[in-house]
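For reference, the structure discussed in these notes is given below.
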């Protein structure tokens, strides 16, 4: 059995795990005040080219989205998102649990258009009854999107411009940022993201860590009493070193980028195999997730030997499946898959 | 200056006010335990043809929607609504404040289609990852809708069938129910609504009361400790008699229906005037709200002498306006308007 | 049957009701944007001697407490209250529903001591682990307290000083403010309260209105987007005129103070009767609530003809009862009671 | 520098870490559906002597408390806790964030008395106005308490009896359960706890894991849709194996108990050293936390070489400090400390 089910099927990248082993016996302060959180934050700031950034670590993606958005929004504000955004579709209502509405817009491959965002904002303020409505207070994007697509630098710039014009922050969900940064088809760097977003996070869970996301506030805009706020939300780990040590490893000698590159390279090979074998792709992805369309019989047969995620049924007989590569995917896995298809 | 701005531009219907005057000096228990709340509940149950119904009074529409929905849903559930539903569009995020997501569907004149609801439910349960999503736990409809449209008895029945099949309640927002019941173009009675909905409310604020909505639970399904729950939400009035006395008047000698008829009759006349004068209607409404399309110049001129609500701009030069009649609208108001147009 | 059960046993003071009658047919804007809300606000600002104050109207006490506190606190803050404070003891957890903790202190007759508040604040900031605790962000007091007691001007000043030193607002729950202001034993005026509190409310429901509380922000410190925030909490009345007109009447020709005086004068007479008849008082109250101690037999006998509130059992055979006067209490009620005792 | 600052100063127990290493490359399902969560649950059920128990894993203590309490309470209920309970004192308002009030009672060494709980419940239901109050819906205890004290089996039984009589669950916070179970002065076993509590958790973070708490529902009383509920609260880890593998190790060959014994044995030695050196103890603890009283000068001197937690100031010159042992504490640490004192 081989697995392309997700990018969280295995444990930590060996170098990440090694850092946990190496530091295990050291006495460190709790609650994220350890040396490794500090060191990881410095390394991330350097990688972002932003010495003034503020970096904080949280355990998982949904937790991070809910915390970043709910601590940065005013209570009368909601967040703009693509209707397929992870916060809207697959977080079990975590944002509404925190009291905030999601204001949805149509999407293309999971991406928002700056023009649509601008229209929403303009229409809101032009509406004579907007005091009865939820204020749009932030823009949420995911990069890569839930469909593996990427914003171009120009697209990000346009979104940042709209946000700037309306004085609301641009927040990027980078749960799979590694795979976006190392895509064969992107002009967006980590520095670009740091410049264009007000806050974003660098996903660890799906890129080689056991758990952990690194939130980067780019304009000294971290909400006051951050530790207290995350404690209130049950997100403060006593042994914060678990997150710090892992990110310290991920940002040593470019490991985070190396992990991204490995998975993206294999995903491109996976795409070639699928195309060669005559499968159609639901969309053209340049990141670590590929979305072939399989007929029902093939799907059933394949699932006996290959774990994949059933994305959605296109019709009664055809389904989109998601196949993901990750740090632990090997050429051997691809060879086996090729033989099976 | 005449006003068709809304159906809450004047105070209470004289008979409602008179009941407040008549009962003012009586000593009554607080918190809705007074004789008038009890009496009004009995009268409403009789009007609904449902002796087992449970009737409770609240002060306003947004409050009622948020309370009914959030006390009937499980915490992991959201509510299905048209994307134009009042709870989604114009309640400032009151439902998200209560921790619940709204699951939106496309609409026609503000109405949901039973088929769309069924598809949403079916798709949800078929989705392998639905444990990561918000459970659809209730269907919210407004009758009349925010656009003045009405469900037919057949349409309601179909919605009720879907809800029954999935064991979720059907909730009707009847903020303007008086105008729906007395429409010239409806086959739906109060008894039908009682039979088909699991819970609904009879709007008072917009139909002759100073404030107040009467919630009707039709299947002994009132949430436990109702008083405590509404107190927790700040909605328990010390002098609950204010609500009870008004509804007692509204449901004496058919006043509620009389108020509805008066406004609907005048709205039909208003529609005739608009059509005769050559105005187009954004949609064909048979309730107390009419939605003519005005060009910018006309709108500006009209607004100097007639209060209306600007609904939305169709394009740069044409706007939809809402004109509402209510218990205090007179033939004289219509005559004046006709002269102005 | 006569009733001293509470100060919300009857409807509105006749002059308040008359204002509703007189203004009933006028066309007014909705949502508190009517002329009467504006006029009432002006009159209240004049009575407070504070032209810069911001005045807003809400429907009831629990609603007002929850809204004022939750909109003025930061999310990481809680509110300091006496352990007998209404928000702590009798509001069904409305403040926790809004996400905030109440930090309780011991009390005397329902009053907080400035010294205790200062100690709590000092201890909090001295605690090395206070980032794991709820920040004290406001002081809540009720005046009169739930036991009918009053702060002296000096005591209020001391509380205001502590609040000033720690830059947190002092909030006074004035649900029964009329009776505090007109007590025979107070040196605190409405102007004093305006000067010393950052926000307070003037209770209407328990002092002659059908419903309504007037919130006074004394330092231009009303939370941004107030209308939106109260809409989100279900507290925005479509016919806000209901609140405006009543307060407009209450603050015309000193009616609010007249109502307070009437009830307090009768309460003093009630106290005299109780003492003459040999009853002990649980505490010495100078406001409209008296708290005699009755033995079980007397209590049972009395309750057949006089409605009172059972406050608490002191022991198996003796109970504290609350007897309240209000605008509609008459000398005749007292005479009847005297005859019964 | 040696550290007795807390029981979360070092990483994972070597055997726990080894399990993470050994399982790192295995492909496992996400979201807690992996083999190790299943295996750990089985082992815990066996250790509890309760094959019907339901076991779930969460990342940290505050998260676990907030989730267990808020998913088991009805919305109109609060939780009874000692005023020193962790949920009340040191969780930044996490429970209020979830909308629930904590109903506090006095404590002794952090313990609740069954009699006090019974009185609270009895008084609540006897109060004629209890519909305006928060329903007591659960009892929360910590074992060991925040002061290192332990309930006797008899005391637990009495608490369980009260809960049974009022049909509310008894919940034990076992963040430091290892040290309670292995105390030299306890008659309470894991099986006893399983029999007497409706739900409790076995703390991992403070007993040898990097993170993780194992929640045990003893009466098939796990809230419906548990995964969805914890996802909504941001607590669902994609790589749930991180928790499962650690608990699988902790419950293999009695490691959890061994860790507890090691720390308790050293804590008893620590106590002996303190007493021999003439220090007074704030209270007599038989678990892994000791609370000596130090004068200011000693405290300052000690802190230069030994990390301890300042618990509270008794007066200007004397402080209570907390000294904790854990799996990584050594005899050498004690020897060094003895030399320093």
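Labels A, B, C and D are assigned to the chains in the order they are written; within every chain, residues are numbered from 1.
In this text, a residue touches a chain if its C-beta (ideal position, glycine included) is under 8 Å from a C-beta of that chain, and two chains touch if they have at least 3 such contacts.
Quick caveat, the model's predicted, so the values are computed rather than measured.
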Chain pair showing more contacts of the two, A-D and A-B: A-D
Most distant chain from chain A by Cα centroid: C
Centroid spacing, where centroids are CA-atom means, of chain B and chain D in whole angstrom: 50
Whole-Å gap separating chain A and chain D, where each centre is the average of the chain's CA atoms: 33
For chain A paired with chain B, centre-to-centre distance based on mean C-alpha positions, whole Å: 41
Contacts with 2+ other chains: residues of chain D: 76, 91-93, 97, 99, 131-133, 228-229, 231-232
Sites on chain D touched by chain B in the complex: 31, 71, 74-76, 99, 131-133, 135, 224-225, 227-229, 231-232
Chain A - residues contacting chain B, complex: 76, 78, 89-93, 95-97, 99-102, 104, 126-129, 131-134, 309-310, 312-313
Chain D contact footprint on chain A (complex, rising order): 1, 3, 5-6, 8-12, 14, 17, 20-21, 23-30, 59-64, 66-67, 91-94, 97, 205-206, 210-211, 228-229, 231-239, 241-242, 307, 328
